[in-house]
Each structure stands twice: as C-alpha cells, then as structure tokens.
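Handing you a structure now.
Letters A, B, C, D, E and F mark the chains in the order given here, with residues in each chain numbered from 1 onward.
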C-alpha cells in the first residue's frame, strides 16, 4: 500500500517533469517561428544547450542552495522511497531551466552563443535558487517574517513570480545591455517590422507550452493526494481568458493570439490553487491585455527590442498574476483566502529588484569581458551561418 | 487512502483532459497542412479561438444543460474531493470543443471568421450538450426508454456518435451552405485539385490527434479503477486497421494514410470498451475504406467541397463505429455484449437528424444575417492576408 | 483497493505506451528534417505504415513468441484485472515497432517501399522477439545459464541492446546491402554533403523522442509501485551528457546537438535503474562522443551511407550503454550492483551477431527476390514523387 | 528570332500556356517574380506594427519564337492574360541572335 | 526603349525602389537570383563535412525605360546600390523593341 | 558584349560553373525557373484526384561575356550540360549594349 502511495507520487511528479520538459521544446519553437529564418537554428540550439547547462548548474549547485539537498551519496540511498526526491529535483529543474529559456526569446537574433551559456549557468546556479529558496523553502526566514508581520506568507503556488517574473525581469537587463537589432529602429525614428518567419512553428511552440503548462501548474502540488482540480480549471480559464484578451486587444493578430494563452497561464500560476474559476478567467483576460499593450509599447513606442516580448509576457504578466492572487484569492472574491495583497506586492517588488540587479550584473560583467553581442557582419548574415555554419533549411 | 483514491482519479482525468487538449493542436495542424499556404494562419487562429469560445459556452451554459452542474459557488466547495468535478468538466469540455474543431476543417479556406465563432458558441452551448446529455447523462429518460423497449441502452463509450458523428454531420450543413471554393469545380465539370501545402504539418496534426486519442478513449472511463486496457488495445488495433485500410484503398497517398488512423479511432470510440481486439482491427480497416471511398465521392464525384473531408472522417466513420459497436460488441463476435444493433442504429439516426437540423439552422441563420463567406477578393487573396493581415511565412 | 492498485498499473503502463507511441512521430520527423525535401513524404509514410505492420506482426506472432501470451480468447478474459496484460502488450509493441523505425533512418532516400514493409514484418515477428524473449522473459534458459555461470544475468533494463542495439545492427546490414545514395561518393573519392532539408523538423523529431524517452525508460518498471525516480534522473543526466558531448565534439552543429540527447538516452537504457546519476552523466557524455565520432567515420571516411547515422546512434551507443551498465552499475562506482561487465559484454556481442545475421538474411533475401532499391530515375526524382506521387509541399 | 517576355498574373499561367500550345509554341521558360507598378501592394500588420508589402507576385514568361509567329503569340497572350484590371502586366519584345539546342547542337529555328 | 537589368544586394532593394520612384519610374519587375562573381560565398558544415555555398543571394531588377531617362535611372541605381564592397553588383543595358500593356493594349512609351 | 542565357538541368549547374571558371569567366547570375518543352512533366495524385505538373525545374544561367570568348563559352556549356536526353535545355544569345560595375562605376569590358 505504502509502495502504491509512494510509487503514485513518483509517477505523478515524473509526468509533471516530463510535461515541463516538453515545454522547453515549446520555448524553442515559439522563438523559431518568431525570429527571421536566418536565426532559426540558433533558437533551437540555444534552448536545448541552455537546458543542459541549467541541469548541470542546478544539480551541482542550485538545488542544494535552494533546498539543502545534494546527490553525493550512493545510488541505493537516492533510490529510497521509489526515488521520490530525485523526480522532485527533475520537476523543479524544469522550472529552473525555464529561466534561460525565457531570456533566450528576448535576446534573440543578435546575442553571442557561449556568453549566453555562461549567463545561464550563473543564473540557474545562484540567482534563481536564491529567490526560489526564500519563497518555496522558507530560507532565511523571510516567509516566517511576512507571516508574522502581515498574517500571511507570500503566495506563489506555481511560480508567476518565482519563475516567470524572475525570468522576465532578468531578460529586461539582458535586452537593454544588448541593444536593439541592426536596422530595427532607424535614425529618423522609424520602426522596421520583422514579421515572424513561420506562424506555424510559432503556433507549435505556443501549443506545446500551453499543454505542458497543465503539468507546470497542477503537478506543482507535488503529491498525488494533494492534487487539485481547482488548479486545473483555473489554468484552463486563465488560458482561455488570455486567448480572448489577445484576440480582442490584439486585433486578430496570430502573434498576439498565440501568446495570449501563455499570458493567461503565466498570470494564473501564483493563485491557481486559491482562485475561483471566474477570478481566473478575469486574471487571464487582463493578462492578455497586459501582454498586447506592453508589447506594443516596448517594441514600437519605447524602442526596446525585446524580440519575443518576454518582459511583457513573463515579467509583467508574472507580476500581474502575483498581485491577482492577492485579489481573486481573497474570500470576498469567492477564493479560498489565505493571501494578502500587500504581501503579494512585497513579494513581487522584491523579485523585480533581485532580477533587475541580477540581470544587469551578470550580463554587464559578460559584456565587459567576453562581449555578449555578435559582430555586425555576423548579425547581418544571421546567427545560423555565423555560429552554427548551416542554414535552417536547404534545397540541395 | 481516500485521498490517494480521489487524488488518483483527479490525476487520471487531468491527464486525459490534457491529452485531448493537445488534440486541438492536432486539429489545427491537420488543417494547416491540408489547406493552401495562404490559409494556414487562419486555420491556426480558428482552432485556438474556437477552443476559447467553446470553453465559455460550455462553462456558462452547455455543461449545466447536459449535466445539471454549475460553478457558481465558492471555490472551497468546488475544491472538495480534490476538485474532481472540475477536472471532469475540463475533460468533457475538450470533447465539446472538438465539435467546432471538426467543422473548421470542412469550411476551411473561405469561411468568415467571426460568424464561425458565433456558430461555435451556439453549437457548444446548446446543440452538442442536448445530445450529450441524453446519451451520457440519461436526460429526458431516452436511455431508460431504449433500455426498457429494446433491452439495452444506446452505447457510445467515448463518442463515435456523440462527438464525431455530431461534429461531422453539423459540418455537412455548414459545407453545403458555404458552397465550394472558387475555382474548385469549373463550369465544364472539371475538378481542380489543391494539393496539401505541407505534408509534414498535416502529419504533425495526424500524430498529435492519434496520440491524444488514447486519452480521449481510455480516460473516458473517468476513474482510475474503472480504466480498461481493453479500450487501449482496441484503440490501437482500430488505429492500425485504419492505417492499413487507407494504405490499401488510398493507393499510398500520404493524405489518406495520415487520415487512416483517425478514421479507425473515430470508429472505435463507441465500442472500444466491449469489442475484442480483432473486432476493433476490422472496424478500423473498414473505417479506413469508408473514409477513402467517401472522401473521393464527395470531393470528386458529388462535388461537395468538404476541404478536409470531415463529413467522411467524423460523420460517416462515426456512424460506422456506432453500428460496429452493435456488431463486434456482441458476444458472438467475442465481445462483452450488452449492446443491440437496433438501438445503435436508432442512436446513430437520431444523432444524424439532430446534427443536420442543427447545422442547417445555425449556419442558415448566420448566412442570412451576417453572411458566412469571405468576399471573392478576400478568398482569392487568402484568409491569412484578408482576415489576419499577415502571411504564414515571411522571408523579410 | 485492489482495483485502485490494478487500475493504477494499467494507467501507468498506458501512459508509457502512449509516450513511446509518440516517439514514433519523433522518428518520423527526425528523418523528415534530415533527408532532402524530395524524400520527406516517404519518411512520414514509412514510419506510420511500419508501425501498423509491426503491430500486426507482434500481435499475431511476435508477442506470443517472446512471452507465450496470445489474444485468441474472448474479450471478457482479456478485460480481467483492468486488462493489464493488454496495455503491457501495447507498451512492449511500441518498443518492437521502434526497430523498423530505427532502420528506416539508415535506408532513407533510396529504399523501395513495400520490401521494407515486408522486412519490418519478419523482423518484428521473429528476429526481435527471439532476443527480447531470451533477455526479458528468460526464454531458452540463457539468463539462468549466465546467472549460474557468472553470478549475474544479462542486465538491460529498458533496452539499450534489446531495442537500440538490435535495431542499429540490423540497419547496418540493410545499409550495406542497399549501397550509398547516387552521387553521395564520387569516383574520385569526394564526399557530397546533403545538408538537412529542415533543421526545425529535425528538432521536432529530436524533442519528441527525448520527451517520450522518459516513458520508454521509467515506465519500463511496468508497475507503479516499482517505479524508480532513479531511472528518471539517470535518463535526464545521460540526456544532458549527450547534449554536452555533442556540443563539444560536434562543434556546435545542430545535427549533432539534436542527436546528442538521443545518444545519451540510448546508452542509459540498460543501466538507468542501477547507476548513480553521475555515472549516467558520464555515460551520456561518452555516448555523445561515440555518436559524433563514428557518424563522421562512417559517412565521411568509410563511406557507408547510413543517412541518419542509426548504426552509430542506436547500434554503437546501444552497445556502449550495455557495457556502461556493467561499469557504472557496479557498487564501486556508487551503483546498485547486481551486474557483471563480462556478462554485459557477452550480451552485447550476442545481440550484435544475431542482428547482423538477421539483417543480412532478411534484406539479402529481399534484395535477391523483389529488389530493395529504387531505380536510378526514381531515386533521382525522389521517393515522394516516385512512390507517393506527390511532393512534400505545394504552392498551387 | 524574337523573345517575348510577358509579366502576367499568376493564376493566368495555365490558360496562357494552353493557348500558346494551340498556336504551335512548344516551349517556354517561366519564373516567379515580384512586380511593382500602378497596382498597389497591401499592408500587413504584425503585433501592432504595420508594414507595406510593395511587391506583388507575378509570373514571368520567356518565349523565344520565330519572327513570323510573333504576332500570333502576342495576340494570344493579350487575349488570355487580360482581366481588364490594373496589374494585368506587360509584354516586352526583344531580339535573340542565336538559339542552340544543347541536346543536339541544332541552331536557331531548328532549335525551337 | 531600353531595359536596365541590375543585379544588386538584397538589402538595397527597398532603397533603390524608392529612389527610382522619385525620378518617375513607375514599374519594375524583381526576382530572387543567386550570383557568382569575385565575391566569394561561404562554407557551411554539416555533421563534420564541409560544403561550399558558391552562390550568394542577389536581387535582379528589370526596368524598362524610355531611352531619355536611361541615364537618370543608371545614376540613381549606382548611387543607391553602392556600398563600396565587392559584390555590389552589375548593371546590364539592352534594347527593347516593343512594349505592350496587356490591360489596354497600349504600346511602347504609352505602355510604361 | 554578348549575353548567354542557358536553360539547363539543375544537377548540371555545379559542373557548368566549374568549367566556365576554367575558361576565365568570372561571374554569372543564376535563377531557378520552370521549363516547359518537349520533355513532359509528371502526374501527381492527391486523395484520388490526379493533377499534372507541366513545368519542370530548370536552372537559368545568365552570363555576360566579351564577344571574343563567346564561342568558347558556348562550347563549354554544350559539352558539359549535355546528357543526350530530352530536356537538356537551350542556349539563347543576345546583345548587351553596356555593362556597369556598381562598386567602381567601371564600364563594359572592364566591368566584367
């Protein structure tokens, strides 16, 4: 019986880990479809190698930093209880590795390859686990302090802030330090549009992410008896809200519509375990609007060349979701309660500050030392030829 | 223990829901690959927005119409028993939303966008749940009446008729009312062939559907202790039968071969829980033939421009599967029994009549009011440019 | 309670089967992306029809040959215990059908269609189940003999040798008998490179395989209470090792990098249940190197035209993994023990011999009788036009 | 010999080819080109930013003919390719000094 | 009438088109071509094997103009398409005997 | 100067280019075209309906040469591009009035 219990938990978390692993393919294809054809191969290689480097960083450093657990004992110890601790690591790794995958979309089409791998290493080994450990493992007593002071801990069920917010705000620094793509903004202030090289690939990315997200959110319960159908339906409703929001505010643009569900899902992570489905629907709708509005602002008004709009998508929708948990999670909005808007705001702001500093420091140092940007000629030829010596497609 | 039980059920149904959610990406790509390049974006946007509208329609109206359950209570009530009722809704929603996804493939390349969203709303809110509730929730006492009169209820385990049949026959009305694509049939009776824009995308669609279908069928058990390996293997055998049928009758055409597994899987839904695997294999083989034969008839002989052949695939194979359950489900064919051919026939016919009426009424009213078809110029330019103001791929 | 137990096992194995079924789409797209555009359709059709034929061969012959279990009883017998035996068949079928899928990548771009289907039939009905039954079902007392003589049975948890090794070495014979593609090696010794038609499709294949592999490996436990998180993390670490190995040794080539994870995963199958994660990481790193090194040797030095490099990938990495289980599985390397290097070597060599003989016999007979190779004209026009009468993409 | 270069709308290609065959023209070379002229392109939008697609897809036909059937050839193209709408295209005629059939080495009119 | 055939670098197309419009040229036909010349291609690698890409993407512009604006046209192209680097391209000029506008049947200068 | 326009089979391109370089030709412009001629296309089938693909993929080479090496150039192309099968293609020769190298402004023979 006990074995069924522990086996079921391992199975449960394994499926979650596998689903979030698949989301990394989703990140890759969202980028493949959005960038110009000459940068497609680079998008693919970046995501898969970033995942590998993140695994090394998290296995050897990050995970023990966050959770005080390491793997340097014999396999027979690790294998106890069906190896539950191991799949838990796998599951949480797929979250950690999402950070470089998020950043990747912002710095696309002009970033050097190896410096980005190095950045990924430090971010996943140190910066992300610092915030993760504080929020999810109670490190440094911050959560206790918040609970004591405000009555409630900072609530981020599946990582609106811990994962997406941190990723999006780290990307912000990287994008600023990199500068915009050549030719994107002309001297006389005009904006050149780079339409997506392939809407179908972009859509494959979007669907893969959206489907995998149900693992990301629901399996965050981390044991099968704690699973909550509420998380599932709230994810669904926020996703749908995001689609509809992007359809309406994004004027039927496929680029917006396929990011809409992601905006909704980013936003619902934090409060999916405590909101009412109607609250989740509204959270998603607003997230759809936030993404569309701020994407246009950054790209076309403020001329910040965040290629996939990851700051708007993960950074801003992540913050919005963190706050939304403090609104629609409240009992007066038919939520389960146990959250405080003020604490959510504190959590979001701390995350922003940490990620901004982290991003500017890591990418700043790399910029000063190895450089983070392709040469003009390399950028013009495309990252595929200049880094990988091959084109995305061939008709030979 | 009870928590393990109820948690396992939630997990089980969640995985089913997620798998069928992924099938919607499959519908999208089957259409993307089959239509001409100038209509690829529209295929993608239609499916994802139809899914969103369907969720709204089913959440607020359709589900309570079919099952008498609604969501307008506090989250803490919804969250009881690990929120099982919520994932059940999610699972059944993914079925309901398949109806517009099916229709979408029939009306591709010439239908207006917003009228189709409206049609989806009414179909998922009213027409589909009417039949679904009668068959799967015993509404209006129809099943009781059949049982009383013929000894057996109408048997449709996973929706050969409830989902696919209804979807396919609804599409029939829509396709007729829309008319054929410009240039498809010339005045002198010649048929112009539009080869698929991308066989690989079509194949991605097909695989995604086939793989997800094991969630569609097996998880229709709706609780883990009721799961049946027989459903799994019957789905497998019917899928394989469909592939082989399409290979043989379809003369090695990739368009047929990648629809073959779907034909088999449509047909096996109804009786997968009661057939012998050999019965399922034959059911699939015949479904492969039915699809190939009637696709050629409709497109090339009768000149009905059902672009993806959804009437043949879902409508006819659905009906065939409903009847096949009444044949190969019988004990004399090594099935589990508990079905009657006559009752299956009655069920199939009622579904056809309902869907035909429903389709002609909904699309008829829309045609009279807003119009359902793109202008000639828009159709010629393609739905991508004219509706979404963008092309599917770009080399800028 | 018992039903929850048996239902959970059925669910567990079903998910594994579905994940490995999805891997077949992965095989298809790895080939689609790697071959020239004129052979993309054929890659897709080959994989899906090979799967169908394999199912027939394994259902009617292979499975009872290996496990002594057949399906020719009434459905009510099959449905007992939630039909556990049926999903087990489904799961193991997806392994068996991987054999033709592996071979397919080696013989691409020039093999005839129907002879390959026939080869698949005999391989899945007879050759594969012979080795499978010996290793996994203790047939013919070989495992007992090894245990008796050397103290340990041959250990191949998830099929490094049983599946991948056999597949890769069968492919070797087929590739040699077929000969190289026209124009690949010129008379004066020069090698013509055929770059991949589509790196994105190749990457879709790679990701689909990698994600599905967690089903392949972890669900090989075959019951939920036997599931092991160690298998999951070892698969992860070997995958990551393979990516890093291919990145380093493969000079950032996307073709290598997307095969790297597969190399690592092939190699870790055998010992994933007994290695320490660090052992798995090293196993993967070396597998990455093995693949890159031997791919270049075969294609460019030895002029053996194994298009996707399936001999290097499955054949050699499979053998390496079988041996690695006999190294990193040992207690001195922090493994769980219970293996012997000598026995692993014996197992690997026997597999190689069997597969070499099997491959040369099956393809040799077919070559003598029906012929296995397209005509020069057909090869020149491409398999898509000459076999399937259609091109992969169309702009009509 | 004369060369006829016709820029036409893509959907007219099939009809033009058939009509040319009827008057005895046995070969032609076709390419996909992009045209700019009085006919305007269209505006696309991506994520809130508009961009103009100035060039429209056209088909370029190149047909080398004996001088004596030049006029028939022109008549056919004009008749069949005309829709009456802006953007129907143009025909350019120039002179070809020599034609060789690679397969046989035949020259000029024999090579057509 | 004269035909100007200019082989230019792809990223210059937009600027050249705009400048030509300014001097009153109202139409042109453009194709994607591959060029070979002094400018070298690049080497790609696939799985350990190198292969040369000898041809570089270029744009071919075809513009038929009245003889009297030929020189303006050439000046504009040379000025705008020039980067000073190898591979900027060439301009070829030849003679066109006749032009017809398909839509109206207008001929020669009227058809431009 | 003369322009050689050769329509050849795609798989002959590499060999033709190399042979032309050997006789001192330093540049050319290549496009993917579709050819129609004596050589027949093929029939494709989609879901039970046949459709003819009339046009075959060909390569169009454009090479502007000094008049005096014209004949060498023709000889090389004929020799190398010939397979002896229908569809080997044609060579058209016409006259070019002027050539300009955009990078330097050099003209005519200097620009080649």
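Keep this in mind: a residue touches a chain if its C-beta (ideal position, glycine included) is under 8 Å from a C-beta of that chain, and two chains touch if they have at least 3 such contacts.
Note that this is a predicted model, so its numbers are computed, not measured.
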Chains in contact with chain D and with chain F: which ones? B, E
With residue numbering as the guide, point to the option in A-D, C-F or B-F that repeats A-E in over half of the contact pairs. C-F
Once you count every C-beta pair in contact for both, which comes out on top, D-E or B-F? D-E
Copies chain A, chain B: same or different interface, half of numbers shared as the threshold? different
Hey, how far is the Cα centre of chain E from the one of chain F, in Å? 18
When the centre of a chain is set as the mean of its C-alpha atoms, what distance in Å lies between chain B and chain D? 46
Please work out the Cα centroid separation of chain C and chain E, and write it as a whole number of Å. 52
Shared interface positions of chain B, touching two or more other chains: 1, 4, 8, 15, 194-196, 198, 204, 253, 255, 389-391, 396
Out of chain D, which residues touch more than one other chain, so two or more? 31, 44-46, 51, 94-95
Let me know each pair of chains that touch one another. A-B, A-C, A-D, A-E, B-C, B-D, B-F, C-E, C-F, D-E, D-F, E-F
Within the complex, chain B is touched by chain F residues 44-51
Of all residues in chain F, which touch chain D in the complex? 2, 6-8, 31-38, 54-55, 58, 60, 74, 77-78, 81-95
Interface residues, chain A side, partner chain C - complex: 1, 3-4, 6-8, 10-11, 14-15, 17-18, 21-22, 24-25, 28-29, 32, 40-41, 44-45, 48-49, 51-53, 55-56, 59, 71, 74-76, 78-79, 82-90, 93, 113, 198, 201, 204, 387-396
Show which residues of chain B lie in contact with chain D when the two form their complex. 381, 385, 389-391, 396
Quick one: in the complex, what on chain C touches chain E? 191-196, 250-251, 253, 255-256, 292, 295-296, 299-300, 309
